[in-house]
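Multiple structures are listed underneath, in structure tokens.
Each of the two complexes below includes chain A, the first together with chain B, the second together with chain C.
Right, the complex of A and B next:
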């Protein structure tokens, strides 16, 4: 497909941001009048590079847009990307490298493991990290750090919002089961979804929901036959497919011959975005709901959204930007707004400005809670189905759920407690 | 290895090692935080590399799963430090190493009897995959998300207590302990036991004929190497403050092999030099996103092809050419 984001585009983006990398040699010798340097920590090589390139694209676009409009406090922004290889040790090395070069404002990070590794080092290094993808609940709960912020959603609110969506749209589907990967995020996603089912079905439909034991598949499995056979014996009507990314592609590929997509009346997925449809083409499960960090189609007509989408398509030729593009873009906007508000770039100033900050982004206004540094933001879901076009699939619908309806009360330093799912 | 005319004298090598340690200790004063963090990691990797070569270079054992002991040591320390915070941290570090040595002795007792060469290599690879899977599916160890919040301990020394969480204290602790561990490996290699090891490496059959219990000594080298590797893993946990299953991944096991090839398999300090060289390469190419692995790989390949004896081998040949002396066969 000619619309995919190729390595050449990626290299182009890197060249564009190369100046940032080179400028690091003149460490720390910058006056207040020089550019404001923002460090992007993202997987720019390895298996997760396919997502890192989206973060880099979104961040690059935001920096270019702000600079064209005159910068922040009369200073230009400069992007300094660093590769975390989606590995905790490389992530800490990247963050220390940035701090050592005098970059105290950082953002990005895809993997929660990397975020959890960097979080405890931030205070000692007098740096700020704005997360734009890592979704582990602990980051704004047990492992809360005063120097850590998250402008994207987290597992709990996304999965509960998904549960709210199915309770409102499919009141008749009251029996659910799941196939999940045996990972911490797999467990935490499913527990959060069940928590939402148990709250929203009684609240919205006055019906009790019945949840059957989930099937736990190996993470990174290549053979799902046993799991699928088990799944086909379940009497539930709704399926939560917690298996995500490349695993979901493998599983759905094998599921076609079992008629899995015909057996279940509703299938939902926590966050594979376009991956399943793009890989499955004409075999895309009809009616599949997928969680998105940001779905551009839901905000058509919003200036920030449209300009970001157009800039992304122009830069890469890809017509389907993943949500990571929008979230990395929003992280740069958060810094721009905070620096403007603070009147400077010192760590303490920026932290104060980010706390309680309301700023506009491609998916609407977000507010960063002062207490736990978690943003209250929209949650996006997209429904897919097969069609007769060349690509073989189409978006058949989308939903936006307000973050305030799904988020838990802030309890920084405390583990997240489920209100309804008492296991 | 016997000192050859082409190699530096023992005194000079000791001086170089001390100079290297002094450079590590002086680093926080002259370099930024990014480099200090890398240096701490490299110090541990240098010792980790030395332990691998204690098996390979000394007794001819090839392990493809050495990282499993690094991981077991790391997770064991992290778990024990959380469960038993009243125990002296030095005891916990030592305990993690002893646990690894005990596991290696147990595994080696069976594995070394049945297999050698490539069979042993595959067995260790399988063992490391088991360790990897157990860690990544164990809820108590944090599964794929990792064991988080590993604290840098307070070190009571009787007359005073050093807070290793403060400033660069833990970095200095890593450098000093790494030097001690490297000293232990050096001592083993250069002791009578080390000479027996080398006899086995050169010709196990002849060694057995001379009355050396080959299996017992191999087991000993496996246990010592694994125990010391476990301590380096234990030290790494509080350094990174998180441990994820990737520390047990086979790619982590490949690292000491690369270090040894790069630095020079026939030299005691080869793996340490290799680890340092590898880190310099990685740091130098860190902004070449996407192609840094290709550049690193190409340079490694070039070094291995151009200098089969590794960096130290090349240095020795250079010295030989300058001094014009023949190296003893």
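Right, the complex of A and C next:
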């Protein structure tokens, strides 16, 4: 059984991050001496607190590592966390609070809704926000902001990469359906996956793919029986389970009686990471593929990866860091590289430095495109299955797909155009 | 044809019994004490976590039906003890002040429940599989009826029958109804009202604990579980007639079955029909389905 991330670890991280020393000196951060203050906007309470804990852990480790190596431009980094509760209004309040405290360099944000709410305020506040999780396509397309960057993957490239994976590894599975949450990101993910299926099956297998109508479930549903009944009537062989996280655990738990995992030959999910396996143990759906922001096991032997993993395990006791840890860590590294390159922390300087920046992270080098501020980075996928160990599950495989193979051309200010019409 | 009616009907009945079981303790406490217990979801969640921990202590989450039922009962007993403490420390002092204070107090209790769950069990998701004997499904045509769902429907009906019998055919039930109707007069006639109140709170908490354990294989454990059925339960409570057990039972069935058909035939708006049905029922019968007397 893995050690879980407890409140004690979380409180320790908050203390270590300097949350106790949040003086409201508006001029301090812009001074050319003293620590460089980086604001972390993350859900540190509420329903998404578990993710906030991961982001805080990754950011804290990065700050500590950089400070131990001498800081940036001879100055230490200081982390200034703020709670966005995964709610847009609270996110904007957190951003304004940081700006008011003189922190112009911000990062984090889990919820795309929060990111979309903060984005229009950045220019007026003369601040920069580096996203390390929010994945809505709009953020680097029709809602593009010159002060907003994203160092993590977005929905389109992640889901297209997943489609590429299934086309390459399961060429015989040419009929697909889905169960998705009735949310904007649920729709966006599914559209992106279908777009990938339509492109990669003909390209890689010379076969056409057939996509059946998706089942749309209520977000946060407690009962999936009607949805499962409909799914069991589908003749498709591949299932895209857009329902993710705790909802996916509930859905798969209820699906056991229906024999869902026996009916579908391949099941993929957009990004539950370890959640399903850790919650379901021996009842983990066999062969389930899950999208990851960062899977540490794929980069063993890589110095940044190994040092981050070791530091995380030492700090929390948890042996399975979620990808959010790696992405928050990478966001701090992006700022460190940009500040070093710019020679200062002024907003305009940092924006110029971030544009086109190539920097090293736990999952390899990333390059932030100058045009739309979207990073080209690896896409990670992990396959799970039950086993006879105490924890009841194991990683049965993993894949790394290069971002360049899945990302769309930059079109900042323009809505994302899908190449194929979904059925 | 069978599947297009029987399938959503069965699934709606399952959802109804889940809502009724969740709301039963809530209804009992409101029906007699007139306390709207906002903490009920938190108590249900603690019951589920307690059953989860007990399953680990007693041999793991893979369990037979007998151990599962015993764990539910133990979770109920644990919550019952908590209910006794809460009644003495919170509910009893608040009986002498305005009802608004009890709302604030029970909301505070909900926050304490959520905080306690995070502190004790953490924020990670957890789940428990359905006991093997209940894990199969019965199939009629292309209607799939999980045995676990049949079990929950049976337990829901049994709970309802037991509550009805207790309230209307036993001395205790008659005393409860008299206290619910006029506590002052009942007290003057020799009923020990404070003691009865205490037992009602204990029973309400006990039910929350039992139902938390009962629904454990059907849900994912997380600190958000407290909110899982609260809206539906309050909906059934209000439509049923504010504290009437029979009304809550009927309202839970009507709302959940309508929602089940609605979600099936209008999949683009899942979950909306529960609220639409609730609104229509309140317009047509604002006093509730079984108004005219509590319980």
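Here, the second predicted complex is superposed on the first by the 407 of 423 C-alpha atoms of A that agree within 3 Å, B and C clash if a C-alpha of one lies under 4 Å from a C-alpha of the other, contacts with A are read in each partner's own complex, and residues count from 1 in each chain.
FYI, a contact is a pair of C-beta atoms (placed from the backbone, for glycine too) under 8 Å apart; a residue touches a chain by one contact, two chains touch by 3 or more.
Please read all numbers here as calculations on a predicted model, not as lab measurements.
Per the definitions stated earlier, placing chain B and chain C onto a shared chain A by superposition produces no clash, and the two fit side by side.
By the touch criterion defined above, A:246 lies against chain C but remains apart from chain B after alignment on the C-alpha atoms of chain A. When the two structures are aligned on the shared chain, A:275 is found in touch with chain C, with no touch to chain B. Within the superposed three-chain model, A:417 lies out of touch with both chain B and chain C [touch as defined at top].
Applying the stated contact rule after C-alpha superposition, one finds that A:49 touches each of chain B and chain C.
In the superposed pair of complexes, A:120 makes contact with chain B only, with no contact to chain C.
Once chain A of one complex is fitted onto chain A of the other, the partner contacts of A:370 are absent, as it touches neither chain B nor chain C.
Of the two partner chains placed by superposition, chain B and chain C are both touched by A:182.
By the touch criterion stated above, A:207 is placed in contact with neither chain B nor chain C. In the superposed pair of complexes, A:138 makes contact with chain B only, with no contact to chain C. Closest CA pair between chain B and chain C after superposition: 5 Å apart. Residues 7, 49, 182 of chain A lie at the contact with chain B in one complex and at the contact with chain C in the other. On the chain A side of its complex with chain C, the touching residues are 4-7, 47, 49-50, 53, 182, 215-218, 221-223, 225-226, 228-230, 232-233, 245-247, 249-250, 253-254, 256-259, 275, 278-283. Residues of chain C that touch chain A in their complex: 3, 7-8, 10-11, 14-15, 18, 61-62, 118-119, 122-127, 129-130, 135-137, 142-144, 146-149, 217-224, 228-229, 260, 263-264, 267-271.
The residues of chain A lying in touch with chain B in their complex are 7, 10-11, 14, 18, 21-22, 24, 27, 44-45, 49, 81-83, 87-89, 92-94, 96-101, 112-113, 116-117, 120-121, 125, 136, 138, 142-143, 182-185, 219. Listing the residues of chain B that touch chain A in their complex gives 31-38, 41, 136-137, 139, 142-146, 148-149, 240-242, 244, 246, 286-287, 289-290, 292-293.
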